[in-house]
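In structure tokens below, several structures.
One chain, chain A, links the two complexes that follow: it is found with chain B in the first and with chain C in the second.
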Partner chain A sequence: MIMASKAITNGIGVQVEDTKICVVMVGLPARGKSFIAQKAQRYLQWLSIPAQVFNVGNYRRNDAPQPTADFFDMNNTEGERKRRAAAEAAVADMLAWLRSGGVVGILDATNSTKERRKWVLDTCNAHGVEVLFVESKCDDEDLIMANVRDVKTTSPDYKGQDPEKAAQDFRNRIKMYEKIYETIGGDDSEEDQYTYLKLMDVSKQVIINRIQDYLQSRVVYYLMNLHIRPRSIWLSRHGESMYNLDGRIGGDTLLSPRGEAYARKLPELVRQSVGDDRPLTVWTSTLKRTIATSRFLPSHYNQLQWKALDELDSGVCDGLTYQEIKDRYPDDFAARDEDKYNYRYRGGESYRDVVIRLEPIIMEVERSEDILIVTHQAVLRCIYAYFMKKDHTRSPWMNVPLHTLIKLTPKAYGTVEERWEANIPAVSTWRAKGSTAKHENPTPDSL
Partner chain B sequence: MDTLLTAEIAANAPRYRRKSSTFIDAIHDVPEDQDMAPAQLYSTMSGRLFHSGRIAIVMVGLPARGKTHICVSMARYLQWLGVKTRIFHLGDYRRATVGPGGTVPEDYFFPNASPQSIILRQKILKKCREDIYAWLNHENGQVAIYDAVNPIASGRRSLAKEFAKHDVQTLFIESFVDDERILLENARNVKISSPDFAGMDPDRAAELYLKRITMKIPMFETMDEKELNFIKMINAGSKFFYNNVSFNYLSHRIVFYLTNLHIKARTTFFARAGTTTEDEESYKSDAPLSEQGKAYARKMAETLTKHREQEAAEQGKPLRPLSVWTSTRRKTVQTAEVFGEKGYKIRQRSQMSQINPGACERLSERMIRQIYAEEVEKHDLDPYHHRYPRAESYHDLAVRLEPIILELEREQNDLLIIAHESVLRVLYAYLMHCSTMDIPTLKFPRDEIIEIIPAAYQNEAKRIHIPGLESSIVPGSPDDIKIPVTVQSIPPSGQASGEASGVTSGITSGQLSPIAGGLGSPAEPATERPPEKVINKAKDMVADKVDDED
Partner chain C sequence: MIMASKAITNGIGVQVEDTKICVVMVGLPARGKSFIAQKAQRYLQWLSIPAQVFNVGNYRRNDAPQPTADFFDMNNTEGERKRRAAAEAAVADMLAWLRSGGVVGILDATNSTKERRKWVLDTCNAHGVEVLFVESKCDDEDLIMANVRDVKTTSPDYKGQDPEKAAQDFRNRIKMYEKIYETIGGDDSEEDQYTYLKLMDVSKQVIINRIQDYLQSRVVYYLMNLHIRPRSIWLSRHGESMYNLDGRIGGDTLLSPRGEAYARKLPELVRQSVGDDRPLTVWTSTLKRTIATSRFLPSHYNQLQWKALDELDSGVCDGLTYQEIKDRYPDDFAARDEDKYNYRYRGGESYRDVVIRLEPIIMEVERSEDILIVTHQAVLRCIYAYFMKKDHTRSPWMNVPLHTLIKLTPKAYGTVEERWEANIPAVSTWRAKGSTAKHENPTPDSL
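And now, the complex of A and B:
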């Protein structure tokens, strides 16, 4: 407990205290449960709240690596026994993890019967852990099929199998579950006393029942912003700026000639990457260099400026080179290398500060569809860290090259990344930890 | 700059519509446009945030369902975030139309009302909506909260259509209550103070009130319009149903807030921590309480306990449970120990640590002026947002305290917060809606406990005097960053309504004009002070609204 609160003190803006929460997923297969579980974990981690997913399927695979649909028949006693054992093992591991400093454990399984949910609730409560059920209910056939397609290509259960057969088997598995599935709450059942969140048809309708504390309300708030419609997020830094040429940080300068060339090339690069003419929503910061970078994008792209996307404020160091910072503020220069995530520039911001101000952006990204964000190095690192689950010690050191378009596509089991190079030369704005006070060429492990 | 002069100019300026004192909950005041809100992260040219466009939040629900409380709380929170929000109570328009002492016809709320009643109803509605559009269109308003019963589905549909025509999105919020106990409690708390119920047993009066409502508004359809955006809050937040057709960050944020809101009666107390063994300027050492500080802790606990018992006895109600929150700083934790010994639950929260003085720690004012002359100038210009080297600004503190604010809304017990003055300033400012200009100079002398009583329409503040303290420990925080805020705002001695003991007391900033008559003045010498002083009476100020039907 002490460990946990130590890890999350000061500045992050999220209250954890001594509550331990088990988020219990509920829903038929192909309803986006794993997706939601993964997202919740990533979000909480990003905010420095220790969170961990316990996927019952992974435990079951130890015993039954690639079972066919009849394994999930409720009349199959052998299958039933193994699945029960897997659930017990997952819950036991989760409780042990919560005892050793974890704060939010996420139990990813169908938990499709009232009986099973009662067992999870009683087990957790006996260990002083609060339970929040999260049900994803969806009757939209198209969405379910999209999920089925996604799962059969990414799930380890069907690895190396004929895709058509896999899809058929998976649909049969869903049918097995449908026979016994009971939605949560309603009809004056005992479950009306449970704390739960029910998301229906991709959050078109939501029921929130008996939220017990602040952290639960926070998780619920985040989950309501999620959707499982397929989409991608494109990220780009601004084109090379006049300050980049001088190796100066911050400022509000315009683009260099090469940066200008990138701005002109960006529309084509985006079109290639998108693959068709569907419009993207474009977000920029309020600084000249991102607005200039986006100005040649097609006029039917909707463009918005967000103050929250402005570059990390380097306070008194704004407009200086790293060498100048090292000369004028040698202690600061060293302190920043020591703990770059938490270091706050004199009169400026830390990466932690940037994460806090980016939270509305992350919420908005989550509920948006295809989107292109043109922003700055530090901000991009924070957004990238959120999607790619980079931890705080590494993300501030990540190399994000200029003149490169990054495409991120969230999938059930993680985010897929693609990069599109503009092939327009630019200076490097990266420097390694503890190295000399100037920008240098990135090393291979800097991403 | 002469503060007295400034205050006078400000008070006489035509745009100056703020109430005269930080003692009074300013939630219904018109804010000054150039001010950033306490926890606002950024600003935009249009004045609208989160790319949310303009929104009408339309309340739905019969009287005694806590609608006004929800409106006011929501407005308080949204404005805290920097979203320009204003409440339009249809009841105000109805009263203005029928004139003082006038009443609406019997069938005013009936679905088959007479033509005259319908015309009257439409006239009232039209005026209210014109004001909403004018505010959204010409005053950069972003969220208009429309507080009315809106009982019929067809009426709600056409309302949404009409707002859409004006390029305004609608979000309906229904408060639905079928739990009799909650209904009776609501009616008893806010609805039965009208002369009609004088001398009646409160429970009978509440029942009678609810019966009248059913007669007056015979038809009510709970929301089930699938094409509308709505949030249905069931039984004061025990359950929410959310129908989301096309909504965004802001509406989710509202749901988030509402899940933490409740309508049960409770009170929040603010008290300072005791004095420590170190000189008060120390921050990093985290010193323990001195003997004097321990004595203070005992007296404070005594005073509070006595006060709570007295209040409970006056109201004829059992004593509500009390939770105590402190920061993780040693002096606040130790000040709470007396309560711990009595068996109260104490929680420490790291977010409530005092403002970080950074490089200014242990520096005298003269030293700060010498070393950071430029910073002092900047601080003068914007004491709320300015940050000394390595220090926190009040704005940083407000953002850091946001989870505490939501938890404060969530707390159902009476709550005592023992914290550093800087933290009390920000929390007080949220509950009483003070402007960012006032926050850095609010004063919490150690010989007073502040009590804040939430009421549906506005919050009420009381000061409870702690008798028998040595005067040397009473003044405001010397361990704060002691610079120019104080230079600017400490009124010349004797100016702030006479300080007999030479002690700066009272919570006014000095930049505002003296407290309006009858609201209590911080004038009397400590020994003669009554144990408790009501700063404002929310009930008196809204007497005309108590008997309201929508």
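And now, the complex of A and C:
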């Protein structure tokens, strides 16, 4: 029915068909550039916006797998040549990827001179690609040293080397870069015309220059809201509900007796996992079963109800069993199994719709400290997919057992997961493709 | 069911109970401070966050109704005393209003010196109120002159005076302020610790310093996205639908023959109102009746479908007539009439819920140029309420006739409305409180 050619909407509701962006990281080593690049990639990908990180260090390692600091001395012409070649290869691959359907390419490198940045800008613009520079500046010695420790233990540049020597070499490498490093813009130079975001001391101060379009503004707002203070996110489904017992979806029923037992046990599980003295914020949906599940938690926890955490709306199928859905709407039943992420229930929602409405929740989780989210199977799958970088084709089929507390702890290079079982029996609400079983044991690969 | 005391969620899903914020405008005269203050107030109020503007000029006018520029000379001790007294009175009233339930007070004044800003900060902090400074800097002479023209025609300071003399006096007043004006922060002063947003040349560059909490970050993101380029927003309901004929709500029916006629006429109406050469973006909901209504519009218009523009979800009442709703759910019918803004249909939505899901739409409309939104009665009421500053108690009862194109043009001090009638008959879907009539003529006060 849509007449215009460019009418496809993406995960955040706006066409991105014609937009190609290169996010160019800028900053000295150990300033969290890779962390920011990975977060941005994960966020965009979760919103169905094709995004990919191109790490120049990985290209350079083909030529120079474990260079010492003097490789990065700007007077080392051989080092300079190899580093330049690596940047060129990364940019060429990124442009090819953007041509083949990519939308946001993220160039992860120091890009520490005005000359290098101008080269990246000119190269991208010549290919019709917009450029957003993202500089991470940081003078906080504690943060830098934490990053140095991280790098020496995780970087392939130092694999198998003595940690103390690695740290010393890495600090020397930083010094090489400091000699030539130029911050972006702010001196009436050509760079004042660039589009850039400057994050100083992890968003204590943020400078935003000439952000033009919607997608850039979303990326900027997301990056502004990141913090790196240690914290965890706890996820739980509601306790077993009356509809769960019947194998019915949706509805707004109360808890089964076993669900009630989970609600009573949840404070103890939380105490074991969180500890006594950490303040926790609790978010529920507006549906009875999540509110009931949270009602015995300590009264000094703040509790908030979010409509955005309500279960995926199954429209005309609300309250039905899968067998009833298959009987009444056989084509819909098959279409959903065919593409569970994109299938929208008649008068209801798809997983894609749920992700869109969860976007403000994710933004708020990123801003938050310790938090417990008590929600529903489909919603939990979407939140989990964001943190654990799960694919859209797989996450709607993921098994999320009832009566289990999941703890996610974001780290610099990914998210650590732990689970706490209440050991209170509950039905399984997992369902295999094609199945109409009321309760079915999950297959091993759905765990 | 909620255990904690601070658990009430507001329009953007987060508690604001404990937060009190003073947004302190900073900037020379004619930099759009009042425009920004009014927009922020309207946005927050629309999200059910109590917000109010305290304009120091209005207080000063009690003492000095039409002062000439020399009143603002910093060596004029009498002028200085009166201006200081006005600032003190405005801040005192604002603090009293915050104590009585207000959440965001906006202090609209030049606040042009570090000394004055420190006084505002200390006074607010002593009362437990957070301070967010919002500075508007602008060196674009065209923009400043446009503002000067605006002020001389709209400000009570110059009412009844010769426009040329008024403009000259106002330029002199600006010069008085320029002598003492100090931009905020950036010089390793105490102000580097302040929370502030600096908008330069209408968001060409934005500096964000030490934004701490959620509500501040929402205000900042909103203000970042404003622009002042001239543009209009056109609003239309879909053409008359088959359900409209039956007096049924919700559903996903196609257009009636008269609705089809409106769809065919819409391109002509748009041409009359928009003109031939202005590019227009068209947004519809994902429902058939809005897509069908837009399908004859010129093919070079971009068209986007937004799920967030779908009609208010009437849950279990979807597809019923008002008589059927009253018969089957008499308590719900009465409860909705009692508080139409807050009443949530069983398994569906309230007007309040619709406003929350429209928030990203409003943000995107603010960023956009000319745009036509083809949507539904309740959604259109909510968007209209934002632009025309309509009260929550009244906007759900507003009459939005079918087959009418509404043009809204934001100006510095409000929004101008025009309407274009297609002159194609359609049923009325307006309903008076308590009524179950299928089609009823709107009362004059609902227009």
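The rule is short, and it goes like this: the second predicted complex is superposed on the first by the 410 of 447 C-alpha atoms of A that agree within 3 Å, B and C clash if a C-alpha of one lies under 4 Å from a C-alpha of the other, contacts with A are read in each partner's own complex, and residues count from 1 in each chain.
Definition applied: a contact is a pair of C-beta atoms (placed from the backbone, for glycine too) under 8 Å apart; a residue touches a chain by one contact, two chains touch by 3 or more.
Owing to the predicted nature of the structure, the values given are computational and were not obtained by experimental measurement.
K.L.:
Should the superposition on chain A be reported as showing a clash between chain B and chain C, or a fit?
P.N.:
clash
K.L.:
Going by the contact rule set out at the top, does A:A92 touch chain B (first), chain C (second), both, or neither?
P.N.:
neither
K.L.:
Residues of chain A touched by chain B versus by chain C: which partner has the larger set?
P.N.:
C
K.L.:
Just checking: does A:M145 make contact with chain B only, chain C only, both, or neither of them? Give me first, second, both or neither.
P.N.:
The answer is neither, since A:M145 touches no partner chain.
K.L.:
Kindly classify A:L304 by the partners it touches after superposition: chain B alone (first), chain C alone (second), both, or neither?
P.N.:
In the superposed model, A:L304 contacts both chain B and chain C.
K.L.:
So, A:Y221: does it touch chain B (first), chain C (second), both, or neither?
P.N.:
both
K.L.:
Would you check which partner chain A:A334 touches, where first means chain B only, second means chain C only, and both and neither mean what they say?
P.N.:
neither
K.L.:
Between chain B and chain C, whom does A:V416 touch in the aligned arrangement: first, second, both, or neither?
P.N.:
Once the two structures are laid over each other on A, A:V416 reaches no partner at all.
K.L.:
State the stretch of chain B that overlaps chain C in the combined model; pick it from 291-299, 417-425 or 525-533.
P.N.:
417-425
K.L.:
Can you list the residues of chain A that meet both chain B and chain C?
P.N.:
5, 9, 13-15, 204-211, 214, 217, 221, 224-225, 304, 306-308, 347, 356-357, 360, 364, 367
K.L.:
Quick one: in the complex, what on chain A touches chain B?
P.N.:
5, 9-11, 13-15, 17, 203-211, 213-214, 217-218, 220-221, 224-225, 304, 306-308, 344, 346-347, 356-357, 360, 363-364, 367
K.L.:
Over in the complex, which chain B residues touch chain A? Could you list them?
P.N.:
41-44, 50-51, 237-245, 248-249, 252-253, 255-256, 259-260, 328, 347, 349-351, 353, 387, 389-390, 399-400, 402-404, 406-407, 410
K.L.:
Which chain C residues qualify as touching chain A in the complex?
P.N.:
Residues of chain C touching chain A: 1-7, 9, 12-15, 204-211, 214, 217, 221, 224-225, 252, 282, 288, 291-292, 294-295, 297, 299-308, 313, 318, 347, 353, 356-357, 360, 364, 367.
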